[in-house]
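See the structures that follow.
Paired with subunit B in one complex and with subunit C in the other, subunit A is shared by the two complexes that follow.
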Partner chain A sequence: MDVPVKKLKVATATLAGCFGCHMSFLDIDERLLELIKLVEFDRSPLTDIKHCGPCDIGIIEGGLCNAENVHVLQEFRLNCKTLIAIGACAINGGLPAQRNHLSLPLILEEVYHAQHGLIDGFIPNDPELPLPLDKVYPIHEVVKVDYFIPGCPPSGDAIWKVLTDLLAGREPELGHNLMHYD
Partner chain B sequence: MSASLETAVHPENLRRVVIDPVSRVEGHGKVTILLDDKNKVHQVRLHIVEFRGFEKFIQGRPYWEVPVMVQRLCGICPVSHHLAASKALDHIVGAIHLTPTAEKMRRLMHYGQILQSHALHFFHLSSPDLLFGFDSDMSKRNIIGVAEKHPDTAKRGILLRKFGQEVIRHTAGKRIHGTGAVPGGVNKSLSIAERDELLNDIYQIVSWSRDAVHLVKDMHHQNPELYNSFGSFRANYMSIVGLDGGMDLYHGQLRGRDESGNIIFDGVDYQNYSQLIAEEVKNWSYMKFPYLKSLGTEKGWYRVGPLSRVQNCDFISTPLAEVERRDFAAFSGVMPMHAPLGYHWARMIEMLHAAEMIKELLHDDDIMGDDLMAKGERGNEGVGVIEAPRGTLIHHYRVDENDLVTMCNLIVSTTHNNQAMNEAVRRVAQQYLQGHEVTEGLLNHIEVAIRAFDPCLSCATHALGKMPLQVELLNGAGEQLSTMSRSNNGSICAEV
Partner chain C sequence: MDNTFTLDGKSIPYSEGQTIIQAAIAAGEYIPHLCFNPEFKPHGSCKLCTVKANGRQTASCTQQPQPGMVVESDTKELNDERRVLLQMLFVEGNHFCPSCEKSGNCQLQATAYELEMMSPHFDQFFPDRPVDATHSEYLLDFNRCILCSLCVRASRDVDGKNVFALSGRGIKSHLIVNAKSGNLVDTDFSGDDKAAHVCPVGVIIKKRVGFAIPIGRRTFDEHPISATPHPIVKGA
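Presenting the complex of A and B:
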């Protein structure tokens, strides 16, 4: 008879990232089938749960580029016992932070007004659209982060290692082979 | 092709229902629906809420960085951006004709990308809706639920995706954000060991891909009513096709058809895309709305992606996919299929085509050649177009004499489908929500329509409201890092 195991709850979200870190998560390939025996997914782009409930592990991809990102991050920190920043964007802003040396109104002007092939451009201006932040911020500047997995993206193996360490109650350790920054 | 339900006449007294975020899609989007007290739907909008400004900050960068940088627009189809940028920059280095090894390595990488992205989209993201029902138990409506109920299907999906990712790793050096293509060619070819490793699995992959086409085809045959009508609307469609009119996802000329399948334009060199397409901005989305200039904003919007490509080409060069294409055409009859759920079927036909192309390329010794780079006369402008998993992807650059980018214009696949996706969710709102108490299951119908297009909202772009608004960013200690404020006229200012 199967003894029901108590599964750990895991939530994941993409903020100002490219989804590549989530894709790398899926690069654990068949191990995903092993993982789902041990964990239950809460809010994640893989499920239809729209808000994060109480969780053991929260994984954040991407930095903060707008007000909505900040709300989602705060919701995660409030609900997740352990919060992990995954990838260059969450850790230091990553490529989207290339806009940080430019003024936001200038970029908006460029993209929605002066851009090639645009007819009668203007800057979208509707309350449904979250306010962009002046700069792209790494997540640890706004909430406390427990672990950082570097890489753009970190490999599926690196993500697997951290998760299995945490599931086994060990302090996560990447080691030389899995630690990379590209 | 109306824009009904885009804007309510009197939004003030309506109730707002929001789907935020749209889930099981890539990136951020939300849907807002305005209803009156009788649950009559007055307005439905799919908003793209991110703004990244890539086109601006790429300016001033050396052009050879671009193929590596642009991948970070999207981690699901990085290869598409990588290749579209490389193709555009081939014009800068004057290498319009690549060496056979370079062209075939790039194609191999691209077909690996099509395979992995289509598998991901179908199995990991969309299959739960189709296997369990659109309003089935929300907690099971995901890949984990599929793994429990249909373990073989889930496992095949995972292995199909894995194989595509391995093709990418062998051609680009890394599964995500690799470096295989460079302006003028590629930086590696396959070793014998790498080729043999892929050859080992490819026959199984072709056969599973064919099973996947049949899985979706059977769904259409079993429930034609639902599959033909769900969110259906008529639209123009566009893609590139090969010079011989056959399906070619890597290179070709632009062809467009109207809603009855008649050619609107054909054989258009994509270097001239801007004579064909213009873009419109709408107040409520960071994603622009492209349209065909000759037809104008009202009538000129169009659809891209698998559903367009499978019906736009005259044939598919690989035998198994061609059989499936004919079946598809026979099912839809004289008129093109417009139903959004047809996207899944067409997508699986393309996945089969990609698998067959990979098999062909693995049997071609050119992929192990060592002539990697071509050279020519330096230019200063180039357009690169590729059929990315989600549709036509356009990259356009100008480069100055110091090798720095001075202009960048990107029209990503999902952007072409902006109006079409909005149209689909409005239809579904009319078909299913009208007059009903809104439930989670009903709202998932809206998302099912969006998912059919496989939108990649990562690729797309963010916004500002009219009321004065201020946002403060605080650090962990509660100290203020920055504030942003927006005045009544919508202008923004930031203080740090």
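Presenting the complex of A and C:
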């Protein structure tokens, strides 16, 4: 691959996810060394930068379960030329969305109040805490998403394929071996 | 004229009474489909198998070919429409592949891989559909039902039992079982029934088998569905 003159800026974040997709991203192993010749990281758990500046590529893991998730997602969409949803949770809500058939008050009551063994339980109400959403939403229901990498998590090879396709200016394509929803 | 038609330019022979998809499968060709199963009478409901026959769209599982008919199937236009049908099926139910025992053996999932469905595109319905785990050997996870009616046809036409039926209309259509209680345990359903083994998705699930074959080594992990149009699904 030809090395671009200017490094592309990449930001990543996990919303309502388990960081599994980020772990899978690290599974590209020594190809990380090749990648950092081509890109530099802005906001990401890898850099600990807290806010996203103007970027070429934003990668979002996880769906939206609270107000803070929505703010982070909107910051990414505002700053990233290309936004990628990575993993089942970002794409269809995934495991956190398994709460969606229950009402939020019922869940909070069950977890913080009614469950056996809780003494003087109360629903946390510190103003610092982001408010939970009524349901867990996939990210494309709130902002426009340019590309999707399905999988729980997608393999390191799948992530590498999409990133290298994009960096080379090709339309990303996974093919049968890398395409998985599980 | 002889009894052949062309499918995407290839000559396909057919015999009297065969439908387009039956002749195509006999000739080793793949047309995407979900509610069609060669062992059962066509239902023509999922519309995944829609082709253009002499320029007109039609379900290839119900349409009989004519001599010299020009049939198009693997075109961008048709595959784009099929992908939208799949996306609507995915958002209408709760299809969480990572936690589904059928993942890797599921025809809905495999067809979505085949047609490169990268996202559900539409807003999720997140319907509330309780699981029926009353039967000792089998459970029914209605979250995954695509209303193909294969279990209905198998139970009625092969088992002679009428355990399953589709009830309601439009968006309220849903699968029911033949018991006053509404529970599978109160029907005469048995694991030996044909109906227990025809679900193309993960609704009718044998208990305590789950992940005997690990994810990654299942039927459609190994081969795309187009290379195995009527596979014997592992562990089904």
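In this text, the second predicted complex is superposed on the first by the 177 of 182 C-alpha atoms of A that agree within 3 Å, B and C clash if a C-alpha of one lies under 4 Å from a C-alpha of the other, contacts with A are read in each partner's own complex, and residues count from 1 in each chain.
One rule holds in what follows: contacts are C-beta pairs under 8 Å (C-beta built on N, C-alpha and C of every residue); 3 or more make two chains touch, one makes a residue touch a chain.
Remember, it's a predicted structure, so these values are computed and weren't measured experimentally.
A.B. asks: Between subunit B and subunit C, positioned on subunit A by superposition, is the outcome a clash or a fit?
C.D. replies: Subunit B/subunit C on subunit A - fit side by side.
A.B. asks: What is the contact status of A:181 with respect to subunit B (first) and subunit C (second): first, second, both, or neither?
C.D. replies: Only subunit C is touched by A:181; subunit B is not.
A.B. asks: By residue count, is subunit A touched more by subunit B or by subunit C?
C.D. replies: Result: the larger residue contact count on subunit A belongs to B.
A.B. asks: Report for A:18: first if it touches subunit B alone, second if subunit C alone, otherwise both or neither.
C.D. replies: first
A.B. asks: Once the shared chain is lined up, is A:78 touching subunit B (first), subunit C (second), both, or neither of them?
C.D. replies: Neither partner.
A.B. asks: Check whether A:106 is in contact with subunit B, with subunit C, with both or with neither, and answer first, second, both or neither.
C.D. replies: first
A.B. asks: Have a look at where A:135 lands relative to subunit B and subunit C in the superposition and call it first, second, both or neither.
C.D. replies: Once the two structures are laid over each other on A, A:135 reaches both partners.
A.B. asks: In the superposed arrangement, which partner chain does A:95 touch: subunit B (first), subunit C (second), both, or neither?
C.D. replies: both
A.B. asks: Taking the superposition as given, does A:152 touch the first partner, subunit B, the second, subunit C, both, or neither?
C.D. replies: Both partners, subunit B and subunit C.
A.B. asks: What is the value, to the nearest 10 degrees, of the angle subtended at the Cα centroid of subunit A by the Cα centroids of subunit B and subunit C?
C.D. replies: 110
A.B. asks: On the overlay, how many Å separate the closest CA atoms of subunit B and subunit C?
C.D. replies: Minimum over all C-alpha pairs: 6 Å.
A.B. asks: So subunit A touches subunit B in one structure and subunit C in the other; where do those two contact lists coincide?
C.D. replies: 94-95, 98, 135, 137, 140-141, 152, 182
A.B. asks: Write out the stretch or stretches of subunit A touching subunit C in their complex.
C.D. replies: Those residues of subunit A that touch subunit C are 85, 88, 91-95, 97-98, 100-101, 135, 137-138, 140-141, 145, 147-150, 152, 173-174, 176, 179-182.
A.B. asks: What residues of subunit B sit close enough to touch subunit A in their complex?
C.D. replies: Within the complex, subunit B touches subunit A at residues 19-21, 23-28, 30, 32, 45, 47, 49-53, 55-57, 69, 71-76, 78, 120, 124-125, 138, 141-144, 147, 151, 154-155, 158-159, 161-162, 165, 174-177, 274, 277-286, 288, 297, 396, 407, 409, 411, 444, 447, 456, 458, 461-467, 469, 471, 473-476, 481-482, 484, 486, 490-496.
A.B. asks: Within the complex, which stretch of subunit C touches subunit A?
C.D. replies: Per the stated touch rule, the residues are 90, 94-100, 103-104, 109, 112-113, 116, 118-121, 123-124, 126-129, 215, 221, 224.
A.B. asks: Write out the stretch or stretches of subunit A touching subunit B in their complex.
C.D. replies: Touch list, subunit A to subunit B: 14, 16-24, 26-27, 29-30, 32-33, 36, 40-41, 45-50, 64-68, 70, 94-96, 98-99, 102-108, 110-112, 115-135, 137, 140-144, 152-153, 155-156, 182.
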